[in-house]
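Going by the order they are written in, the chains are A, B, C and D; count residues from 1 in each one.
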Amino acid sequence: MDAHESAERIAEVFADFQSYFSKEQDLREEIRSTVRELEQTAREIHAVLQKVHQKDGSENVVNVCKSTESNFETARKQFKELSAKIPENQYYRFNDHWKYALQKLSFLSALVTYLKTEKLVSREETAAMIGVKLRQAEGFHMDLDDYLIGLLQMASELSRLAVNSVTAGDFHRPMRIAKFVAELDAGFRLLNLKNDALRKRFDGLKYDLKKVEEVVYDLSIRGLKPVEGT
Amino acid sequence: MDAHESAERIAEVFADFQSYFSKEQDLREEIRSTVRELEQTAREIHAVLQKVHQKDGSENVVNVCKSTESNFETARKQFKELSAKIPENQYYRFNDHWKYALQKLSFLSALVTYLKTEKLVSREETAAMIGVKLRQAEGFHMDLDDYLIGLLQMASELSRLAVNSVTAGDFHRPMRIAKFVAELDAGFRLLNLKNDALRKRFDGLKYDLKKVEEVVYDLSIRGLKPVEGT
Amino acid sequence: MDAHESAERIAEVFADFQSYFSKEQDLREEIRSTVRELEQTAREIHAVLQKVHQKDGSENVVNVCKSTESNFETARKQFKELSAKIPENQYYRFNDHWKYALQKLSFLSALVTYLKTEKLVSREETAAMIGVKLRQAEGFHMDLDDYLIGLLQMASELSRLAVNSVTAGDFHRPMRIAKFVAELDAGFRLLNLKNDALRKRFDGLKYDLKKVEEVVYDLSIRGLKPVEGT
Amino acid sequence: MDAHESAERIAEVFADFQSYFSKEQDLREEIRSTVRELEQTAREIHAVLQKVHQKDGSENVVNVCKSTESNFETARKQFKELSAKIPENQYYRFNDHWKYALQKLSFLSALVTYLKTEKLVSREETAAMIGVKLRQAEGFHMDLDDYLIGLLQMASELSRLAVNSVTAGDFHRPMRIAKFVAELDAGFRLLNLKNDALRKRFDGLKYDLKKVEEVVYDLSIRGLKPVEGT
């Protein structure tokens, strides 16, 4: 192989590599574009749910929740589209692109579920509401971390709802929220978390719990705390 | 569901989550342990190949290369073990653990191949030497980035070899290295790299090329440059 | 062309370049000087509007707003002067010089408009109040970002006003501010913001909203919340 | 305007803003895509010009330069496409996207011009070679800074060429390069540069000049310096 041949061969090989990089670049562009749509859907659900913080909405929680159903339908369709774009075995390669949107939708499904039933959404229910699988082996799925971060975001929104419920004249709801957030806190304390994003988010839970407890304290001290069973 | 039941249920669910996290923690420990062995193998190969920088070894490159064969055999076995530990579809989840070792072995296979044949190792040859697959779909594989970073590490080692060859009285080798590194540089220039680890490493290639060119320059100016064809 | 000529020619060409750089430097000085005057005008308007945080001013909002009119007149004149200095097509070249002043005047026009009408100022109204165009194609204009950053600065000022209204014995105003800031927040939630200055500023809106909600909460819990319609 | 109407109106207005942001996002995507193509063209020209550093190419500079002509043709077409995408008056708004590509092509046109004529390319010639205007008023143009940064990149490449010319046995070329880079350095010293990217790049010119001077020194001290006129 003389000098000329060797240079030519290297050039050819690298041209192949460039075509590989170009394809990856294009794929990332497509993923980003679908994720942007998902984020828009999440923002719209969140904007609708803001109504529960105001008097009108807080008295009509069921209808507010109902009006997000078509948006969740859209989210499920968008996750299906996204899922179709990801090459087999490469979920974790591109994971960073949709991680934030997935956590936000996990949060929103936990919030809607609490508002409707005052119970903790399960992983299974969250996965079903947003249209992803539960386990890696099944395909495009939601990691346990993402589900748990969604719960922590819900706790933060609920502490704000406790405050605004008082404003709306509802003194029962803050009591129930306080109990629920305390249970959630007890649950998280069972976990031995690594020093990662989830742990950092969990560190904020104590402030949400404190806030809710202060609301209950304010009601108690002013004799506004409802008698249980009323 | 009364208050007590709800707290119990949340505790149960979170205990399940903790068992999931414990399993993951154990898996990470096992991966780390195998990767430590791989890194040891890579260090041993690198130590053996250092001999080519000295007069004895530089005159006996073929034997030096041959003596690394059993280490490459070990590396292949270790990658097999590692591969068996990774759950399906989760290569990219744990990727960071072995990325560095994989790049170093890619570098070492490129260096051995150059020393033996004075040609550029192909991706296929590298994958075969270190016992990994070429494509994600086939299983535990080597990414294009890791192969390319290996080539860049080789260029750096070759610029050092050019200097030491002069010391050892071999004035032909620097000429051939200069040509080879220039071709490699021309190849890399065809790539449109993102602003990532590979791009940063590529930015260092120009210094390696410059170093080699200065060696050849020093030979020329002192009349030590061999006549072509000798 | 002999050696001497080539050196002469290069010197001549670079002397031309220096004259170009000098002219640009002068232009920047002139722009900076006009912008300093604009910033002074903005500071004066802001100082006058501070009165609404005090009992006297809060009862006399219309007059306080009225007394800023001549300052807005001055601002319009100063933007006209500034606009005349910017070479065609180069708005975005020198944009950084006046961006801050433009945002502050956008904020002030939003604040005055809210104080007078309790409505959200439109982009059109803001542009008219401070004497800039609405679209790039029309000349010296205000970007959408600058208008939105002005709104966010207003939300921050309004959260302070909610607190001070309570002090001044006005328990209605905080209720109206809470509702307005919540609507603004819902609006901003619909936007898909890049990770830039606007996004960073928007991240602060939740604290302003929280502050206002806490004021209303304090009124509720103390039985000071006005009955709707009074 | 009752409460419901006000919230609806704000939502509508912000939906309009989001549509504005989406359009801008799309435009940026399109710009990025064309700029990527321009960068690819620049890389190809640069890869071709690397040949002058090797013996074959250095003896055949005219042909090497000639073979870049079709790439420059492509660059001109790509700048035309890019130019068509930029809304009137908004060159400086999106400027950061193509600044790097523009500087690299300015460098390449300076290098090709020097290799062919051993003269300094003028701004006019550079603009014509890469298909952009000379002045803002004329449309999509090249700033003086970009032209000058291109010259500084050329000086760096020429210092490398001086080294490799000696290797190729050409002792005349380093002398001419030394003279040219010294003239360029004298030209730049006439400029009163702000503390910006251009100034930082200019600070590197002294190292390029030093390198070239050392080559000439090495030739002199070994009696290899050609007598002038030979």
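In the analysis below, a contact is a pair of C-beta atoms (placed from the backbone, for glycine too) under 8 Å apart; a residue touches a chain by one contact, two chains touch by 3 or more.
These figures come from a predicted structure and were not determined experimentally.
**Student:** Quick check: more C-beta contact pairs in A-B or A-C?
**Tutor:** A-B
**Student:** Are the two sides of the chain C and chain D contact the same residues or different ones, given that same means over half of the numbers occur on both copies?
**Tutor:** Mostly the same residues form this interface, as more than half of the numbers used are common to both chains.
**Student:** Could you tell me which chain lies farthest from chain A when each chain's centre is the average position of its Cα atoms?
**Tutor:** When every chain centre is compared against chain A, the largest gap points to D.
**Student:** What is the distance in Å between the mean C-alpha positions of chain A and chain C?
**Tutor:** So the centroids are 34 Å from each other.
**Student:** Centroid of chain A to centroid of chain B, CA atoms only: how many Å?
**Tutor:** 38
**Student:** Give the residues of chain A touching no fewer than two other chains, as numbers and ranges.
**Tutor:** In chain A, the residues touching two or more other chains are 11, 25, 36, 40, 47.
**Student:** List the residues on chain D that touch chain B in their complex, please.
**Tutor:** Answer in residue numbers: 36, 39-40, 43-44, 46-47, 50, 53-54, 160, 163-164, 166-167, 169, 215, 218-219, 222, 224.
**Student:** Under the definition above, what is the set of chain A residues touching chain B in their complex?
**Tutor:** Per the stated touch rule, the residues are 1, 3, 6-7, 9-11, 13-15, 17-18, 20-22, 25, 87-93, 95, 119-120, 122, 136-137, 144, 148, 179-180, 183-184, 186-188, 190-194.
**Student:** Quick check on the complex: what are the chain B residues that touch chain D?
**Tutor:** That would be residues 179, 182, 185-186, 189-192, 210, 213-214, 216-217, 220-222, 225 of chain B.
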